[in-house]
Amino acid sequence: MAIRTLVWGENVHERNNKIVAGIYPQGMHGTIAEALNSDKGITATTVTLQDPEHGLTNKKLAETDVLVWWGHAAHGEVKDEIVERVAERVWSGMGLIVLHSGHFAKIFKRLMGTPCNLTWREAGERERLWVTNPRHPIAAGLPPYFELEYEEMYGEPFGVPEPLETVFVSWFQGGEVFRSGLTYRRGAGNVFYFRPGHETYPTYHDKTVGQVLRNAVKWAYNPQPAIAKPTDAPNVPVDSAPEKITERGPKLHQAGEKGLR
Amino acid sequence: MAIRTLVWGENVHERNNKIVAGIYPQGMHGTIAEALNSDKGITATTVTLQDPEHGLTNKKLAETDVLVWWGHAAHGEVKDEIVERVAERVWSGMGLIVLHSGHFAKIFKRLMGTPCNLTWREAGERERLWVTNPRHPIAAGLPPYFELEYEEMYGEPFGVPEPLETVFVSWFQGGEVFRSGLTYRRGAGNVFYFRPGHETYPTYHDKTVGQVLRNAVKWAYNPQPAIAKPTDAPNVPVDSAPEKITERGPKLHQAGEKGLR
Amino acid sequence: MAIRTLVWGENVHERNNKIVAGIYPQGMHGTIAEALNSDKGITATTVTLQDPEHGLTNKKLAETDVLVWWGHAAHGEVKDEIVERVAERVWSGMGLIVLHSGHFAKIFKRLMGTPCNLTWREAGERERLWVTNPRHPIAAGLPPYFELEYEEMYGEPFGVPEPLETVFVSWFQGGEVFRSGLTYRRGAGNVFYFRPGHETYPTYHDKTVGQVLRNAVKWAYNPQPAIAKPTDAPNVPVDSAPEKITERGPKLHQAGEKGLR
Amino acid sequence: MAIRTLVWGENVHERNNKIVAGIYPQGMHGTIAEALNSDKGITATTVTLQDPEHGLTNKKLAETDVLVWWGHAAHGEVKDEIVERVAERVWSGMGLIVLHSGHFAKIFKRLMGTPCNLTWREAGERERLWVTNPRHPIAAGLPPYFELEYEEMYGEPFGVPEPLETVFVSWFQGGEVFRSGLTYRRGAGNVFYFRPGHETYPTYHDKTVGQVLRNAVKWAYNPQPAIAKPTDAPNVPVDSAPEKITERGPKLHQAGEKGLR
């Protein structure tokens, strides 16, 4: 069965900025989904910020294997309860791919536990992404490096935790560098941050970028059953302990009582 | 100069539970601070949940090098804005040591980005902590293992991200195991989680536990100047780029405009 | 196509120790291969120390996707040049699964860069392996823990580098703990260490152990093309630099010269 | 007491290449030691490849807290037994700082377990090192980036394991990037790789480079007592088990027997 992939698009600049609308007439989410659907192993659909519950209903998330996130102008409009819902779904096993300005998306900051800040410059400069981890699944089929002639610069320090793996590092024409492809695991969910994708440039029409996105979806996909209650902290009664023990000492909790949280 | 250490105590069970009050007549925070102050390199003071702003004013945090956190019954009463303030201070360079039931403290969950859940049993069973990382600063002066005859069991899986380092792993009489000492870095702040310390047992009177706490404070201390604005994402204007470049291509932002977030 | 898996068996105790021969009449490698071959996605064959070149010819390694290693009595008899050959094949993309006493195999120590030592006791005690990383591919289909009634004890500290991920932690009846399932990446090769498997006990006949081994083979498999020369350090001539530069300053090397190593 | 630091110099190009001799008349090791000795907390001395036992006698290593390594032309002349001796000393707690072309030093490859390869170009191009981990001890007192106007290029992929932390990433004029400051722990020893330092340029006369070297020595220093036998794998007899157990089942080893290795 194909990997059920949901592309979440903020869908703001595509509607109120002529440049962006011109490059992405079907929305950035639409172009990203198209790039994903070129692989038979992936079935990508789209939702946007403007949909009810931002398109991220419990039902929809339950049917999603991997979520791809692009946002920029309206991070603050994403409701906190929806962010928490998405976080729980990641912990239960859904993959998450965060793109470009999504570094400041609530869901990414929520999962990283850090500011996720960086330096930036919008000057249409050249970016060159180097594969630092050859034959990593996310770099499958890629050359040693690839270039994007026009991109926004993101510079270090990138305010994220040490990643599990660094897959790409970017060189910028103006003199900066950036760790552009980073993997994390949060609960049972695989998380990948991928840097490129400023909305005034045709980045998601680029063939190599498309290949990275498809690779990332396959890497992030966890085929195992979702964890039903990823935040549970179950009590193990004394008579269920793997080794026989006798209860002793003073107690706070009565038998059968729930833990404090 | 001594490391300015602040012990944050929830101070609930010490007041409303006779057993806890009997073991910790000066509060758990008081006993912990005493254990820390036995080292001349550390100056520990205490605040509690009941203090104005939970004792965590901007002024107090600015004067704190390392914060030690114990909470259990009242995680929910800690105000979100204070949690965010503490998180920012960690990112700017303050060390943080989270103890025992603090795994469910808002500040720990905030910094981890995961549920921080586990399994548990309150049966006064024996815990044996093994040093898995010999000669790690936090294990300085410790034997290969040490025992706590009466402790609450915490069992795996522990819902946290892969740590930077695993310093301790616990064996429990009832058959479980737990990664009991884990290090993280969040921004410029060093974070250490240490498992033992159920309030109905005299854990913080234990000499080896005291040694671990003192070691952890020294390890967590970052002597460098605090980062002034740890969440800033500064724009680098074209004429400030390290390499000379010429602006080109379509733009979203006007010169001098702030970034979107 | 099935994953071409090669099980390397030392095949010493199976021949000179009646107990081991009784438990593993077809050799430990034979039993392990059988457990792997119960999955249609895996084709496992075996070679042993006694084969020419220990069965690890260049041709055989080139046809191997994942190598599984069990050795104990004769680590020192494995030729250094063969160890180096296997290491190169791992760097180029072959998966490697090291079992139990293989912690002291030359190939494991070579890839870890550490002593890989531990404490041990042969007393037929109970081991309980806890899954610390639920829904990790290597833990697919497993319960929260599983037990081996008779096993050799391995205790911490385990002298290995911090792993990429900790998948299992063991509890032992005699009071020790051990990080029993650890993942690493070395070059393009995925490496997994799995603790159980003392030769005087029927560990590799255990169904859950078989499941772990099959999971591990699938996890370790890197479907991408092997890196042809994994130790190459190519010179990039000035006129091949991605950005145009002019050579300047004093030089050590003449054009076209190989690097020093 | 000051940190006893030993700078190991290959001392080949300084003697047979006029350019190098001109830049480093006291040897590169001499210049490096001088930069270290400008800090009262460090006492740096030097030895070279040409000294008996390459200057790395057991006595000398026992008196060394941190070893700094620069080599290039004669990696192959370093005796394997000395490499192994240094490795053991690292595992027992000595810090190790590997510089530039030392990426191919036997001791670095031994501790990493990987090829440690990279791409390179000697064209006197500009290198800009970005601090990716602000307020890390190794970056203490540094600006966001610093430049070396003339350096050799090293490019990704760098064939090393995922580091504990990435402290610096370099930008090169010719278009490449490189992870220029990486931390590792091997046994009780802290290891830092630092990229700059091609012998035909005055890199080790640079003030900021000197600051990094001093920071790195302080970071790498482990003040705890050395581990006496860092490769030992002690047997724990049944009657010494932390929990009382009874020996059972078939055995391979007789009581008191040494383990196999």
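Assorted remarks:
Which chain is which? They are A, B, C and D, in the order written, and residues in each are numbered from 1.
The definition used in the following text is that contacts are C-beta pairs under 8 Å (C-beta built on N, C-alpha and C of every residue); 3 or more make two chains touch, one makes a residue touch a chain.
Note that the coordinates shown come from a computational prediction; the quantities given were computed from them, not determined experimentally.
Comparing the chain pairs A-D and B-D, the larger number of C-beta pairs in contact belongs to A-D. The most distant chain from chain A, with centres taken as the mean of CA atoms, is D.
Because chain C and chain D carry the same sequence, their contact can be compared by residue number, and over half of the numbers here are used by both. With centres taken as mean Cα positions, chain D sits 27 Å from chain C. Separating the CA-averaged centres of chain A and chain D is a span of 36 Å.
Centre-to-centre, using mean CA coordinates, chain B is 31 Å away from chain D. Residue positions of chain C with contacts to 2 or more other chains are 128, 133-134, 155, 162, 164-165, 171, 175-176, 185, 242.
Note for the complex: chain A touches chain B at residues 13, 17, 19-20, 72-73, 75-76, 87, 91, 101, 104, 110-115, 117-125, 150, 153, 155, 159, 161-162, 164, 173-176, 184-187, 198-201, 230-238, 241-243, 245-253, 259-261. Within the complex formed with chain C, the residues of chain A that make contact are 93, 128, 133-137, 140-141, 145, 147, 164-165, 171, 185, 188, 222, 224-225, 227, 242. Contact residues of chain C toward chain B in the complex are 128, 130-134, 144, 155-158, 162, 164-166, 169-172, 175-177, 179.
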